[in-house]
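Could you have a look at this structure, given as structure tokens, before my questions?
Chain nomenclature is as follows: A, B, C and D, assigned in order of appearance, with residue numbering initiated at 1 for each chain independently.
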Amino acid sequence: MSALLTVTDLRAYYGQVQALHGLQFEMKEGSMTTLLGANGAGKTTTLRAICAMVRSTGSIQFAGTPLLGRSTEAIVKLGIAHVPQGRGTFTSMTVEENLQLGAITRKDKEIASDIERMYAHFPVLKQRHTQQAGTLSGGEQQMLAVARALMLRPRLMLLDEPSFGLAPLVVRDLFRILGKINREDKVSILVVEQNAQLALELADHAYVIETGRIVMSGTATDIASNEDIRKSYLGY
Amino acid sequence: MSALQDSVTRAPAVAAVPKGNIALGYLTSTMVVILLFAVPLFAKNFVIFQMTIWLIYAIAILALNILTGGSGQFSLGQSAFYALGAYTSAILMEHFGVNYVLTLPVAGALCFAFGFLFGLPALRLSGIYLALATFALATAMPQILKLGVFEHWTGGVQGLVVTKPDAPFGLPISQDVWLYYFTLVISIVIYVFAVNLLKSRTGRAMMAIRDNEIAASAMGVNVSLYKTLAFGISAGTTGVAGGLGAIAVQFVAPDGYTIQLAIALFLGMVVGGVGWLPGSLVGSAFIVFVPNLAEEVSKGLSGAVFGAILIVVIFLVPHGSRQVAYKIQDIVRKIRK
Amino acid sequence: MELFTNQVLAGIATGAIYACMALAVVMIYQAIDQLNFAQGEMAMFSTFLAWQMIQWGVPFWGAFALTLVISFAGGVMIERLLFKPLANAPILTHVAGFIALFAILNSVAGLTWDFTIKQFPSPFGSAPFLGSQLISTHQAGMIAVTLVLLLALYFFFQFTRIGLAMRAAAAQPESARLVGINTSWMVALGWGMASAIGAIAGMMIAPVVFLEPNMMGGVLIYGFAAAVLGGLSSPFGAVIGGFLVGIFENLAGTYIPGVGNELKLPIALALIITVLVVKPNGLFGRSVVKRV
Amino acid sequence: MPRCLLRLPFAALLAATIALGGVSPSAAQKAYDPGASDTTIKIGNLMPYSGPASAYAIVGRIEQAYFRMVNDQGGINGRRIEFISYDDAYSPAKAVEQTRRLVERDEVLLVFSAMGTPSNAAIQKYLDAKKVPQLFAATGATRFGDPANFPWTMGWQPPYQTEGRVYAKYIMATKPDAKIAVLYQNDDLGKDLLKGLRDGLGAKAAMIVAEDSYEIGEPTIDSHVLRLKASGADVFISITTPKFAAQAIRTAARIEWRPLYVQTLVSASIGAVISVAGFDNAQGLVSAAYNKDAADPQWRDDPGMQRFHAFLDAYAPDVNRTDNSAVYGYGAAQCLVEVLRRAGDNLTRANIMKQAAALQGYAPDTLLPGITVDTSASDFHPIERLRMMRFSGDRWELFGEVIGGELDK
């Protein structure tokens, strides 16, 4: 498998404050990779940098195309869907409208059938398809956010803390579906998680970030089985 | 309502001003004050009169700044408070023979009460809705002043002529110079009061509301009290400016206090820099002198020239003169290092 | 009773003016989340352009269509040149920008076409409508145009992808960018549409109030009031709000003793504020779940 | 100039000849106040070039052009006029500031034709204290003709109250049992004119069965007209500015209300109001006038109006000549030039006021036949007579005698 995403010497800044200090990693097509690390390590910033939502320097290559210098919407059009922390659904719009918005850049005629497919993945969304997204529960909103991202038919999906604020059972369910999507729809997934244990169960590759730098990388099984890493970085 | 909150989160209506940065340093302030005191030694009476008007509008802009920069509320209705203050002074002086100095506290107190009461229903409104409510107040005020019921006191559409005071104690200075010093002293008092207010517990409470109302109330700040208080203080200060304005211009009439005045004061605040009190002087200079400048360029298009100058200014310094002042401050600091 | 009916009918006729303008207000609010204080002047300017073309011999509907195109382009251009560079400036700075735009348009129109009132032709004529002297065929036509416009807008926002994208960009710009919407152009598009709708409003209003540079000053206040009363997020609410304001204003002027007539605008505004205190999103505004 | 003199009454002709002929003896005793010199006369002026009242600024532009013409023709007694006109945006505070600039910085000899009641009222006291003439204030408020209290202030046009009295006289003479409905603009124009009307009706003021006021911010005044019609009145007095006047004329026609329709003179312009409202709708309208209407075909061969049009062609070709502000500015400027001419070389402020208060039977090109400028030491209302007229076809038809509505003090 070739590298889908190659990040080299990535530095990102919030105003005068530097948040990433020369980050370096890559991700294979079709893989599910997770970025781990403590609060404030720079995981979210990394995802935001990929989507041009924070000022950054260095190099990000997506399937051979450089991303830096492009606008957020142009990057999305290349096939990168981002599910931000706090879900980023359109709260004042209906579930169905949210799904349509996910496919807003697509020109093909299969949008309607894709919506049906999402309803198959997440049956609860079908029940609520005319409801305002803001009225959904936290778990339902997260599902909607993922479904909305999938409507892009992305090659790469960026997920920021999907488990945040959700009940454990809901999280299990969500990750099960994510795994299915990764396998069946061949969507590469880069997921940032606080819940390292859960993420490592599902992912095939993992990177550990500390204060804006990659400090460890390896297959998910290696990382998960390494007692030292678990204790010092992942805290479980 | 929440659409509005969305917009507030992405581009705050009022960019937070660090609390230490609302005023000038002692050295600069002293220099400015000395300069202001020295002006009449060099200037003609006409210029002194202009500068009096400039100071008066600066007080009114400062008042708006307390409201918007301090508590994050927005008002297009300041002309109403200004009018109320002006008429209070004028009526007291002309109908009741009250000394002009004494009319100002009355004007201030009346406007404070009025502003405080107006602030109560306004509590339920924010952003655009508050703008509309205050706007309504501004349009209503000239019409109320014209009402037949009040005509005996207000002079109706014809307005009231006010007598200009002489310098007291037989001071050998002209009326204009005296009024200038009188206004200057009041301006300084109000300015010092405003700076201390915003640095006090009350000011901190107001700014907490400005930055995040929900968080402020969670911290135990009495949001309603401080928001209405801000309205009251702002209105009271504007009222004092209005009273001074009536004395300086020697005339009050409904046509002098239309929405145009409220808009001018608002522009003065933006150009001066929201939340930066010394900017009120800059903003006031903008609304007093730039129209004259625009008129010099073209009579037929003076409105367009004014608009163009305004656009240039907000392009160069979207945060108003505050931005320039901070930049200078940075440079000075770097040089010192 | 006849006076009452007459005043209600006259209120509906004037309300059509407010409704038309309120639609343009809602349009721009949808796009930029703000009230554009220069909107009335933009509409006035567009109407003058149409008038000028008619003077030059262009037939009414030709001038009408051309004006829409020019206004749309003008609106987009104003956004690109004036407000896009201010995208990161505080909202109050934008308001100052609107005021500047207001001053420029008013002043240029005054110099170009002077301040005497001008007759603007109505495509609907001005005969009594259905025998009623209170509503002319023009006013009936204006109500029809407003309703058609309302339907068109509803359809546009609910059933077209671009309408959906515009709503998304206005409501949550960052999320909108994340689904690939070019929010910056959506804003420009919103300006263009608002400007074109304003031009329609101007061309409908001018035959009633006569064309002159200050013609929209009063109308815009009522347009704002109507839009806010109906709910800024709802074109339907704006139109209803327009008619309500028109009717209420007339009734207040007729039936509130003493000050009713002299203070009818303040009374109307006070009523609207009372409504807002009770229903902060307006009568038909969508209330959205608030998240901390 | 000589052709113009032919139309003057004999006494005025004599006075003018003496004034003109008297230049050489008084040349020995030149006297100047600030603003006047051997070469120039500085005249100050305020106009709302910006803001909501900018429609009236046309008066300032015409006056500027008129003085340019006078300068091109050699000036006044060899002196050029320097006309300094500032924008006051119709704000009293700005008016005071600009007037002080005129008087203290530019040092004008006098302030001429400042526009509007609020601005003039705001500067009156200041100019009085400074003893600077406030000549021909461009407003019809009565307070600007009060020599006992304000000897430095003089208006020009007929006071609004005079006009109100003229209508009262006319109505009492032609319709003694009329029921009058009044629509008025809620400002000094409306209230003063209404007061004149009431005073003129005197004991019969109860003839007024309905009054309704509007604000200039209102988009339309249809509902007011409806309400007034409902009062059952058979006389309708419309005290309105052009936009609202045209709306009222059109609406009254549409709702088939055909009272005796009195339109006040501020909006009696054929070009700016009547033609816009539609000639059909305006048949039978009654108004009073002191100026000729620039769009009225009956003055096509009138020498005064021919001079007016020739002036516009040469000096203000882009101005809309049907706007009666143009006629107004021309007449007022011409009147000021006359005063300055008579002042000769004695260009002191006191002499200017003296000359301005000694105009008898003077008629600028634009005044209607029979109407003249008359002032005296106790009469600071230069024009106080009006003629009634009725709209018919495409023109105003004058009828009846010149009506004087001199205010009883």
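The criterion applied here is as follows: a contact is a pair of C-beta atoms (placed from the backbone, for glycine too) under 8 Å apart; a residue touches a chain by one contact, two chains touch by 3 or more.
Just so it is clear, the model here is predicted, and its values are computed rather than measured.
Chemist: Which is the least count of steps on a path of touching chains running from chain A to chain D?
Modeler: Shortest path length, in steps: 2.
Chemist: Among all the other chains, which ones are in touch with both chain B and chain D?
Modeler: C
Chemist: If we define chain centres by averaging CA atoms, which chain lands farthest from chain B? Would you check?
Modeler: A
Chemist: I want to compare two interfaces, C-D and A-C. Which one has more contacting C-beta pairs?
Modeler: C-D
Chemist: Which chain is the middle one, judged by CA centres?
Modeler: C
Chemist: Calculate how many whole Å lie between the centre of chain C and the centre of chain D, each centre taken as the average of the chain's C-alpha atoms.
Modeler: That pair's centroid distance is 38 Å.
Chemist: For chain A and chain B, what's the span in angstrom between their mean Cα positions?
Modeler: Roughly 50 Å, centre to centre.
Chemist: Any idea how many Å lie between the Cα centroids of chain A and chain C?
Modeler: 43
Chemist: For chain B versus chain C, what separation do you get between their C-alpha means, in angstrom?
Modeler: Each chain's C-alpha centroid was found; their separation is 31 Å.
Chemist: At least two other chains touched by the same residue of chain C: list those residues.
Modeler: In chain C, the residues touching two or more other chains are 103, 107, 110, 171-172, 174, 221, 233, 262, 265, 288-289, 291.
Chemist: By residue number and range, which residues of chain A touch two or more other chains?
Modeler: 92
Chemist: Can you list the residues of chain B that touch 2 or more other chains?
Modeler: 2-3, 139, 143, 146, 300, 302-303, 306
Chemist: Touching residues of chain D toward chain C in the complex: what are they?
Modeler: Of all residues in chain D, those touching chain C are 50, 52, 54-55, 58, 186, 212-213, 215-220, 222-224, 226-227, 230, 242-243, 246-247, 250, 254-256, 271-273, 276, 319-320, 322-323.
Chemist: Residues of chain B touching chain D in their complex?
Modeler: Per the stated touch rule, the residues are 44-46, 49-50, 53, 139, 143, 146, 156-159, 161, 245, 249-253, 255-256, 258, 260-261, 288, 291, 294-295, 299-300, 302-303, 306.
Chemist: Could you pull out which chain D residues touch chain B in their complex?
Modeler: 49-52, 54, 57, 60-61, 85-87, 89-94, 96-97, 100-101, 103-105, 117-118, 121-122, 124-126, 141, 143, 186-188, 191, 215, 217
Chemist: Any idea which chain C residues touch chain D in the complex?
Modeler: Where chain C meets chain D, its residues are 2-3, 6-7, 10-11, 13-14, 17, 103, 107, 110, 114-119, 126, 128, 133-134, 136, 205, 208-210, 212-215, 217-219, 221-222, 249-250, 253-254, 261-262, 265.
Chemist: Please give the residue numbers of chain A that touch chain C in the complex, ascending.
Modeler: Contact set of chain A toward chain C: 51, 53, 71-73, 76-77, 81-82, 84, 88-93, 97, 100-102, 104-105, 132, 134-135, 148, 152.
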